[in-house]
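To keep things simple, chains are lettered A, B and C as they appear, and every chain counts its residues starting from 1.
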Amino acid sequence: MATFAGTVTQAARPQGPGRARVFLKRLRSGDEVAHLITLIFALFIFLITCLLVYELYIHSTIPRQRFGWHFLVSRAWDPVFEHFGALPFIYGTLVTSAIALLIAVPLGVGGAIFLAEFAPTQISDGLTFVVELLAAVPSVIYGLLGIFIVVPLLRDPVDPFLQKHLGFLPLFQGPIYGVGFLAAGLVLAIMIVPFILSISREVLLAVPSEQREAALAVGATRWESTWQVVVPYARAGILGSIFLALARALGETMAVTMVIGNTPQISASLFAPGYSIAAVIANEFTEATGPAYLQSLIALGLVLFILTIILNGLARLLILATTRKGTAH
Amino acid sequence: MRYRSIWRKTVSVLMLGVTGLCALVTVSVLVLILAYLAVKGWHDLSWSFLTQLPKPVGEAGGGMANAIVGSGKLLLVAVVTGVPVGLMAGIYLAEFGGRTFSFMIRYTTDLLNGVPSIVMGIFIYTIVVLPMGHFSALAGGLALGVMLIPIVVRSTEEFLRAVPGTLLEGALALGASRWRGVATVVIPAAFRGIATGVLLSLARVAGETAPLLFTSFSNRYWSPGWSQPIASLPVMIYTYAISPYRSWRQQAWAAGFVLLALVLLVNIGARVILSRRHSVQRG
Amino acid sequence: MGAVTNLSSMRSEANRGEQITGRLLRSFEPKFRVSHLNFYYGAVQALHDISLAIPQNQITALIGPSGCGKSTFLRTLNRMSETIRHTRVEGEILLGDEDIFSMDLVTLRRRVGMVFQKPNPFPKTIFDNVAYGLRVNGGYRGAALADAVEASLRRAALWDEVKDQLGKSALALSGGQQQRLCIARALAVNPEVLLLDEPCSALDPIATAKIEDLMFTLKEYCTILIVTHSMQQAARVSTHTGFFLLGKLIEFNETDILFKKPLRKETEDYITGRFG
């Protein structure tokens, strides 16, 4: 809020050259200087972001020119003949994220419902504290746990069990290595559950209590009031939390690259090793021979960037919609 | 009719159990696997681990002293570059914000926040590593610094806005100019929150690996100065964990323990400080 | 409570005596002269053609129902209204002989101090609160600063209660003490005028009485203008009173006359409690 907001409509207000003098005077007083300095720093952020997009764009010209849109649907990944395509990586990114959501959403939303609607305040606050702390754990740590706990677990009891009982589905056929889409999806699920849980819980708590009370007052059970009134009211915000978690999962690098198997292939089987966009960049960036190779990796980065922007934007809109007014029924 | 009512009540209790189970599974799976890390890591932790340089494969012992120091150096660069920008921008948004600029800046800050960390690595690679011709601590630190910015902006703005407007009014009424009032009354009042916000942001970027992979790269020795590749804790954990050598994998656990312990301690500390933020006011 | 009523009846006695002698010995010396003041929040006009003169070294009260513009008026006198966007002022306000709109803003606010409705001490030590205005306006350091702080705290009748705890946080004081601290803070820069915006509305009766006593001694040093919700308070402390209604100044007169023989019907209705 500037100090020059109020004006006097009589002779006291300077015109023309007088205004410049007034501006200089205020400059000396320090307010305008402070305004200017903080503005410059703030605009620097804008500058960095623009520069980021620009650099990504400029350093991916070779694949864009050589392959065009075909880049996105090509399966090739041949550094020798310099044929590059993004499809296996897009596939891997989407599949692992889908698995992660399938597991994390019921757990996260269910847990959030419990903590927001049923649990006594102290338990709710205590468990939320732990969950939010877990959201702060670095991804390389999850990767570590993925390699040494999840993968061996999958390789021995879990995957063979799934193959034995559900092997008629193409999802569970094929050789079992332990690493692969399922392993990566599982580790991702563990990583994004805290986000879904804590944001959904906040969104649910923001639902005005009059809504709950209105349902209970006509004789609904606790569950009915929760599931049929509160959750729909908070629907947009919960969806937003899922989008945010998805955006996080898409960009997740370390944990995925440590357990996905690092093979650029598309396979229907969840046990098969695969590759994600972030993983291939992490693994092959420093070994890329030749500009076409490097720029194809950067082009992949651009694809990932655009995906996450769209998701994040949608997510923010949704969460904003709930915490402000609540959704239309 | 009565049966229907019994059914509904049963469902209600059942769902309470189901959702409770969800919460329990979530928390316990996470807590259990971290406890596993704590136990395994603690077991392989030793004083030599914290103070020695890595030894070649085959030789026993060795440590990650250079990685610990390296992470410290990277964080130093990150703080020096990212925190001032974040603070100033937060102050602008909270205290001076013009309408169009504010929207622009908030939007891009959110955008920057959502950039995947690997993409941030690519960005710094193109503007720092390529011109320099080699990997460097500076590049890694800058990558972390840019990642810091959105977090610091958001928490600074939030805590400045939480200061009641009448405090600034009191300062203005005594003849202080606006910037002076903000600097000597509002910012000190929000200081604790802002400081913990900065600490939390540090804890967050301290664990980042992806942006370092091709900016600061890695180093098996000490890295003097700022323009050489440098070792860091997260990258070391990654490298050792995927290696085929058992002794290295054990060191990965120990390093993981150190990193996790530091990150969690800062987080818990910050939350405790923030919850005790309000001073006692009588009357 | 008995002590309080004694104190206030003694005060009204003294006041009345002063009014009579005042009328005989002192001509009405205006500290503030307001002419045809109009104030707008954006497109909404909040003050309509206000003109009055505020007597020097006296306590003047402004009364009226909620939202009638008395606080808005108060805040134009030290140009605090300018901190809000889209406000506009028309008209003339003179402090002594000087136009406040051509004066340096910082100087104006040093000469015209303000105390707010809810006590707003800074989250600093008691000493630093009082010293703030002195430090900001420059020139005071070391022993001179400490002396000035003590003098202000004495004038605000707070010194004895806090002299051993100047290093303690101001937020540890009770509500009434905090408000007196805010008064001390305002007094530290030696203002000629003190604007009080419902200073006692957040306080209990005993704290209120202490502040009213304080005002009585303070008017030796400066002109006091108090906005108050309580007609009883206005009657107790002030020599002149202005009645505001819907952004207009309905009546302005010596307190005795305004309360006993109001000239306007609206004033009479308000005083007799027919509204507000």
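We adopt the following convention: a residue touches a chain if its C-beta (ideal position, glycine included) is under 8 Å from a C-beta of that chain, and two chains touch if they have at least 3 such contacts.
All values derive from a computational prediction rather than experimental measurement.
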Most C-beta contact pairs, which chains? A-B
Chain nearest the overall Cα centroid: B
Chain whose mean Cα position lies farthest from chain A: C
Please work out the Cα centroid separation of chain A and chain B, and write it as a whole number of Å. 16
From the mean C-alpha coordinate of chain B to that of chain C, what's the distance rounded to whole Å? 50
Any idea how many Å lie between the Cα centroids of chain A and chain C? 55
When you check chain B against every other chain, which residues touch at least two of them? 177, 180
Return the residues of chain A touching two or more other chains; collapse runs of consecutive numbers into ranges. 1-3, 29
The positions of chain C in contact with two or more other chains are 83, 105-106
Chain A contacts chain B in the complex at 1-3, 29-31, 33-35, 37-46, 48-52, 55-56, 58-59, 106-115, 117-119, 127, 129-131, 133-134, 136-141, 143-145, 147-149, 190, 193-194, 197, 221-224, 226-227, 247, 250-254, 258, 278, 281-282, 285-286, 297-298, 301, 304-305, 308-309, 312, 316
Chain B residues touching chain A - in the complex, by the definition given at the top: 8-9, 11-12, 15-16, 18-23, 25-27, 29-31, 33-34, 36-37, 84-85, 88-89, 91-93, 95-96, 98, 101, 104-105, 108-123, 125-127, 146, 149-150, 153, 177-180, 182-183, 200, 203-204, 206-210, 213-214, 217, 234, 237-238, 241-242, 249, 252-253, 256, 259-260, 263-264, 267-268, 271
Residues of chain C touching chain B in the complex: 78, 80, 83, 105-110, 113-114, 116, 118, 120-124, 132-133, 136-137, 169, 171-178, 182, 185-186, 189, 207
Chain B residues touching chain C - in the complex, by the definition given at the top: 164, 166-167, 169-177, 180, 184-185, 188-189, 279-283
